[in-house]
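In order of appearance the chains are A, B, C and D, and numbering begins at 1 in each one.
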Amino acid sequence: MTELTKSTADAGTAEPAAAPAPAAASAEPAVARVTQWGEIRHRFVANKLAVFGLVLVLALFLTAIFAPLIAPQDPYHQDLTNTLQDPSGEHLLGTDALGRDQLSRIIYGSRIAVEVGLASIFLACAIGVVVGALAGYFGKATDSVLMRVADVFFAFPLIIGAIVIIMAMGRGVMPVIISLAVFSWPTVSRLLRSSILSVREADYVHAARALGASTSRIIIRHIIPNSIAAVMAYAAFSVGGAIVAEASLSFLGVGVSPEVPEWGNMLAGAKDFLGVKDFLWVYPSIAIVLTVLGFVFVGDGLRDALDPKLR
Amino acid sequence: MRGAKSAKWVAGAIVVALAATACGGGNDKGDSAKGGVFRMGITEPTAIDPFNAQESEGSLVAHNLFTGLYKVEPNGKLIPALAESATTSDDGKTWTFKIKAGTKFSNGEPVDAEAFVRAWTRVADKKSASDVAYHMAGIEGYEDLNSGKSDKFAGVKAVDANTLEVKLSAADFEFDKKTVHTVFAPVPKVAGAADNKAYNDQPIGNGPFKMEGAWEHNKKITLVRNDDYGFEKAKLAKVEITILNPNNTSTLEYQGFQAGTFDWARMPTPQLPVAKQKYAPKNQWVEADTSGINYLVAFNQNAPLNSPDARKAISYAIDREAIAKGVFQGMQKPASSVLPPSFADVYQEGVCTTCVKQDVAKAKELAEKSGLKPGTVLDFGYNTGSGHEEWVQAVAQQLKDVLGLEVKLNGKPFKEALSEQKDKKTAGLWRSAWGADYPTADNFLFPLLATGSINEDPATGAAQGDNRGRYSNPEFDKLLDQARATKDAAARAALYKQAEKLAVDTEQGLIPLWKRTQYRLANTAKFDNVKMDFFEDPNLAEISAK
Amino acid sequence: MTTSHITAERPAAAPGDDETPVLEVRDLHVEFKTREGIVRAVNGVNYSVRSGETLAVLGESGSGKSVTAQAIMGILDSPPGRVSKGEILFRGQDILKLSEEERRKLRGPKMAMIFQDALSALNPVFSVGNQLGEMFRVHQGMSKKDATAKAVELMDRVKIPAAKARVNDYPHQFSGGMRQRIMIAMALALEPDLIIADEPTTALDVTVQAQVMDLLAELQQEYAMGLILITHDLGVVADVADKIAVMYAGRIVEQSPIHELYKRPAHPYTRGLLDSIPRLDQKGQELYAIKGLPPNLLKPPAGCAFNPRCPKAQDICRTDVPALVPVTEQDGAELVGRTSACHFWKEQIHG
Amino acid sequence: MGSYVIRRLGQMVVVLFGATVVLFACLFVLPGDPVGSLGGDKARDPAVVAELRERYGLNDPLPVQYGNFVKNLAKGDLGEDYTQRRPVTEILAPKLTNTAKLAVAAIVIDIAIGLLAGMIAALFRYSFWDVLITLLTTMAVGFPSFVIGLVLLSTFSVKLAWFPVIADGSFQSMILPAFTLAILDAALVARLMRGTMLEVLKADYVKTAVAKGLPRRTVLFKHVMRNSIIPVVTYLGISFGSLLGGALITEAIFNWDGIGLALVLAIQQQNNPIIIGVVSFGVAVFVVLNLIVDLLYAVLDPRIRLA
C-alpha cells in the first residue's frame, strides 16, 4: 500500500517526468478548475465503485463515532473462564485469548483506525503543502534544500522509518500518527511542488501575471486551488494506506499498546492460533480490508472525477 | 542468564500453530554412524566459548565441549568430575581442589591446574568483557584483573599440576556449586585471548564431545564424540544442532520433531495441550519444574508499593490459578515461593502466603490499610516481543477489578525495559523471571533481594544489579551472610529458608507468579535415557541409541 | 493482386490502365458504436483515383474524410468503427471481401498512408532506420543490414541530409519537416500503387509545407502513383491536385476538377470555404467565416446537413437530403467530373 | 549523461547522509543503554558495560560516533553487533541473500502475472476477462500483506499442507512469501499495464504500424509492448528496491530469515548496529534503485534526456 503510493506518485528522485508516463498518474497535477466542483461531484456520483467506497467509509465513521452504543460489550472486559470461545449467540464473533468479546473489539478498533488514518494524513498534508508551497514559491536554493530534505524522508521505507521514530518516542497512538506523517509528507510536497511548477507555466497564470498580479496572489488565487485537488485525491487514497501501516506496526508489536482494541493488535494475538482458532484473524482482517477498499475507492473516484482523462 | 534471552517458556513473537503438518520424511540414516546421531534445534547462541557462553543454547554446546570441576544433576546434586576432592578452610575462604590426573584436551594438551588458572584469568580479564565473568567476583583479585589493574588472577593458583587453590574474598561454603557453570571450565593454551575468533567459533575442549568443523553461524553446529574423553565416554556418535530462526524457534522445533527431523523439541505455548495429548501416551513427553521463577518486581522504595501491605494487596488480588488455566491453558503452575521445588533442601511450598490463593477481601483490606486506594495509578511494565502481552493484560485486569487501581501497561523492548527498571524513580510493577545459574539458594536470594545487588550507580542512581525492586533489609542481608559462612549444609539451608520467609512472605519484597515449568518432546522411540538436565537441555553425554 | 512479393525492379511507371482506376470507393458507409448511440461518420461516399492522379479530399474535421481513408487502409478502430455498407475496389477488386491477412499484405506494397503528425505517427522508441527498414524486413524478408541500407537509400531519396549518419537517430531528434519526409519515405518504401496522405503538412511551418508538398508531388509523378490528399486547407491543394472532393458530415457535397472549383463552386459550403481563404486583393476587408459549428453526427440535422449554417437555406433544405447530381452549364452542357449535392446548385454556380 | 549521473550520485550521498543522521538521532535518544543488556531480564555486569561502551566508542558525543560510523561505512564496515561481537556485515550477508531471493521471486511473479493480466485486459477490453482482472486487481489493493500472508499460510500450509508452515529457505517454502509480496504489486502492475497499453493502443504510431502492413504480433509485441512496459519497468524497479530493503511483515509471518526479520528482531532487542545496518542498507538500495530506474527510463525511452 505504502509502496504503491510512494512509487506511483513519483518514480524518481529527480527530473525525468517529461515522458508520457501514465505511471505518474497521481503525480500529474489534476488541473481541475475550481469552478467545476459541480461537475466533479457529478462525475464522482456516477462512479459506482466510488459511491460504494463512500458508503464503506461512512459506515466506518459511524461505527467509530457510535462504538459505545453499537458494541455489545466492554472491549476490555476479560473473562478468563471463557477464553477462545468460538462464535456463538453470546459472542457473535467469539472471544480472544483473554475472553474478550471480539465483535466489541473490532467495533472499537475502528476508532483507532479512523483516528490514526485521518490524523496522520492530515498532518502529512499540512507539512507537505507548506514545504511544497515554499519550495515551489521560492524555487532555487530553497527548493533544492527542501527537496533534498524531502528526499531523505522519502528514502525511508514507511514502516521501517516509522518504527525508528516510534522507538525514539515510545509506543502509543500519538507516536504512530507522528511517525507515519513524518515519512508521508514528502509525497505531498513533491505533488504540490510539481503541480505548482507546471501550473506556474499555465496560460491563465501568465495571463494573471501579465495583468499585474503579484506572485503571492498568483500562488494563493490560482496555483494552490488548482494543486490542492491533486493533494485531496492523494489524501483520500492514502488514508487507507495509513490505516494499513498503523495496523502493520501494531501487528509487529510496535504500534499502540496491546490491550487497546485495535485491528493489528488483534491479528498479532490471533496468529498464535492460526489453523486452530481462525475466526480470531479472519474478522479483524475483513474489517481492515473493507476499510482500506473504502478509502481506495473513494480516492480513485476522486482522482478520476478531478481529472477524467486519467481514467 | 539462561532462559533469559530466549525467553523460552513462552514462545517468541511470531508463533504459528501447526495442524500436524508433517512435511517431508526425516533423515532416518541416523543410526548408520555407530552410536547414532541425535538431532535438535536451537537458536543462535551468543557464544559457545566458555568465556562468554551464557544462555541455555550456548551452555548446551559448552557443557558438552568442556568438563569442569563438577557436574550437576537435575535435582541440583553435585557430581565430582575433574575435582577428585575439595577441601575448604574453616573460614570458608580458601578452597583446594585436587584435579584428576592424566586427562587431555582434544588437541592433546593436558588438563591440569594450570588450565584452570589460564581459563579463569582469561575470563576475568578486562579486555574479555565477559558477560559471565561476574560469577567469579567472589574470588580474590577479581577486581584488579577485571578493572585492568592487573593481568594476573591473584586468588587462583596452581599449587602443582594437580592442585588448584582458590582464595575467596568472603566466606562461601557453596563455591564448589558455582563451578558447574561453564565459565569455570578449563581451556588449553591454544585458546589464547578471548577475542581469538578462531577459537570462539571452534573451541577445543576436554568434554564428551568435540566440534566437527567450526560453528556455522545461523546454520548449524555439529558435535562428534570425543573418543579420548577422560571420563565415561558418550554413546552418541554425533549431535547435529540446527540453528533456527529466533523468531519462532519452538514452532520450528515442534514441527521438526513431528516431521522426524529432530529428536528433541520445545513447543509453542498454544500447542502444549494438544502436544501433550498426542505425545504423553507415547512416553515422549518430558516435563519438569526447573530452577527458575516468574515473578513481579515490586518497586519497594517508591509509592504506591513502598509498603509490605501494598505489595501483599497486589499479590492477594491476583488469581494465579485462573490465569494459569485461562491464559496458559493449564500449562503454567502458580508459584508460592521464590526458591524452586528442584532445590529440595530449601524449597518451602506456600512460604508466600499471599500467593496461595486469590483473596479479594484481604487484598482490599490491605490496600485500604496501605493507602492503595481505588483509582491509584499503578505502572505495570513488561518487555515486548517475548509473548508476555497476553497474561500481563490479564493480571492488570484483575488488579483493576479487585482493587480498582488504574493500571497502566507499559510495554518496552528489552533494553529500554531494563533501563527503566534500573531507574531510581520507577514505581509500580514490572514482570520478570529468574533462572538459576547454579544450584544454590543464594543464586536466587542474593541477586534478587539483597541490598548488595542493588549496586546503585553513584552517578545516575540506576540499579546496576539484579535487585531492581530495591528490596533492602539489613536483617535479610545478615541472614544471607550467615548462611554463606555456615559450613553445615542443613544449618545453611535453614538460614536460607528463614531469609526467604522474611523477604518474600513477611515483607513481600517481590511477588512470585508461576513456577518455571518446562516441556520437551524426546524421541524415546530411537533413544534411551533421554532426560532434561539442570540447564533444561538434553543430557547428550548419557543418551544412547536403541 | 494479393501477392506480397513485389520486387524493387518493378517498372517505375505503373501499368497505367486508364480505364480501371487504382481505387474506387462506392457508396461507402462507416459507423461507430458509442455509448451515446451510433455515429454515422461516412454516409455513402463515392470517389475514385487513377494512377498518377491526385485526388484532394477536403473537409472540416469530423467530415468523414479521414475515416474514409482509414476504411480504405483497413485501419479503422474496430470496434467501435465498422464499414456498414459499400465497396472499396482496388484495381477492380473489392478489398472489403478479402481476409484480414490478405489485406495486411496490401498495406505497404500496394497502398500506404502518410499521417498528419509524424511525431506521434512514428514510434518514439525505435530509430527511424529501424522503422523504415521494417517495411523491407517484414514484407520482403530482407536482412537487418540490407534493410538499413535500403532505409538510408530512402532517406536520401526524400532529401534528408546526412542520411547515413542519421539513420540510427530517433524521431524526436528530427525537425518537423524532416520527420514528415521520413513518413513519406516510409510510405514510398515499397513503391505502392496508392498513397493516402492525411493532412501531411498541417503540422508544419508554412515554408516547410511547400517543400514537403513539392516533394510529394514530385515523387508521385516519378512513381506514377495514385494519391489521395486529405486536407482541410484549400490553399494547399491548388497546385498539386487534379480533382477535388468536398466532404461535409460524412457525405461528398461537391466534386470537381481542381481549377473549376476555385472559379465556380457549386455548393454553398465550398463557397464558404473559398471565401474564408485570406486574399491579398481583399486586404482590409473583414475575413469571411462560415458561421456555426459542424453538425453533431449523433443527431445530424434533417434534410441537408449543412442547412443550419447555410446562408441560402430554404424549407426544402430542412426536409429533403439533396442527392449528389451532375452539374451542367447553364445551357445543359456537361461539366466533366463535376457533381454537387445542393438543391440549389444551379443558383450557386450560375449566380 | 555522465554529469547527470555524477550529480545524482551527489544527491544520493546527501540523502544517505541525511537518512543516517535521522537514524542516529532517533537511536541516540533511546532510553536504553545499547550495550546494557543482552535482551534478557538480568542486568549486564557494569564492568562489561563500561568495557563495551569504551570499545565501541559509545561514550563519545553523538557527532563523533556518527563520524566514526561514516568513516567505517566508507570502508564497507558496519561495525560489530554488541551481542555476539561479530561484524554486522558478516551477520547480515546471508540474510541479505535470502531477502534478495525472495525479492527476485516476487518480481518474477509480478512480471509473469501482472504483465500477462494487464495485457489480456487491455487487448480484450470490456470482455469477461477484462472485467474479472479489473475487479481482482481493484480488490487486491485493499489486502494488506499481513492479511494475504495469514490467508495463504492458513489455507495452503496449515489446512492443505502443500507448503511448509515455516520457511526453511527452500524453494518450496519461498513460494507463499513470494506470492504474499507479489500479489499487491502484480495487481498494480496489471492495472498499470492495462492503462498504459490502452493508451498506447490508441497511439498514432500503432496505426502507422498497422498501416505498414505489419503482422498483428509484430504490432503488439514490438510496437505496443515496447512502449507499454516503460512505466511498468519503472514501477518494478522501485518496487524491487523496497523489497530488497526488507519485507518486514512477510518475512516475520513466514519466518523467512532475511534482513526484514533481522530488523524486527533487532528492534525487539534494540540491537543498534543491526538496526543501523539494515535501515542504512534499505535507504541506500532505495536511492540507488531510483537512480538505476531513471537511467533505465532514459534507455527505454530515447526521448528522455537526463540533464
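What we mean here is this: contacts are C-beta pairs under 8 Å (C-beta built on N, C-alpha and C of every residue); 3 or more make two chains touch, one makes a residue touch a chain.
Here is each chain with its UniProt name: A, D = ABC transporter permease; B = Peptide ABC transporter substrate-binding protein; C = ABC transporter ATP-binding protein.
Worth saying up front: this structure is predicted, and the values here are computed from it rather than measured.
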Touching chain A (ABC transporter permease) and also chain B, the following chains: D
Chain whose mean Cα position lies farthest from chain B: C
Chain with minimal offset from the mean of all protein Cα atoms: D
Centre-of-Cα separation between chain D (ABC transporter permease) and chain B, whole angstrom: 40
Chain centre separation in whole Å, for chain D (ABC transporter permease) relative to chain A (ABC transporter permease) (CA means): 21
Cα-centroid distance, chain B relative to chain C, in whole angstrom: 92
Separation of chain C from chain D (ABC transporter permease), taking each centre as the mean of its C-alpha atoms, in whole Å: 53
Multi-partner residues of chain B (at least 2 other chains): 13-14, 16-19, 384-385, 413
Residue numbers of chain A (ABC transporter permease) (touch at least two other chains): 167, 253-254, 271, 274-275
Shared-contact residues (touching 2 or more other chains) in chain C: none
Every chain pair meeting the contact rule: A-B, A-D, B-D, C-D
Interface residues, chain B side, partner chain D (ABC transporter permease) - complex: 1, 3-5, 7, 13-14, 16-19, 21, 23, 44, 46-47, 54-55, 126-127, 129-131, 133-134, 146-147, 217-218, 245-248, 251-252, 255, 383-386, 413-420, 422, 432-434, 447, 455, 457, 463-466, 468
In the complex, chain D (ABC transporter permease) residues that touch chain C: 202-205, 207-215, 218, 222-223, 226-227, 230, 300-303
Residues of chain D (ABC transporter permease) that touch chain A (ABC transporter permease) when the two form their complex: 8, 11, 14-16, 18-19, 22-23, 25-27, 29-30, 138-139, 141-147, 150-151, 153-154, 158-159, 184-185, 188, 192, 195-196, 199, 230-232, 234-235, 238-239, 242, 245-246, 248-249, 252-253, 263-264, 267-268, 270, 275, 278-279, 282-283, 286-287, 290-291, 293-294, 297-298, 301, 303-304, 306-307
Touch list for chain D (ABC transporter permease) against partner chain B, complex: 30-34, 36-48, 51-52, 55, 83-84, 86, 90-91, 94-95, 153, 157-159, 161, 164-166, 252-253, 255, 257, 261, 264-265, 267-270
Of all residues in chain B, those that touch chain A (ABC transporter permease) in their complex: 11, 13-19, 268-270, 319, 322-323, 325-327, 384-385, 389-390, 393-394, 396-397, 409, 411-413
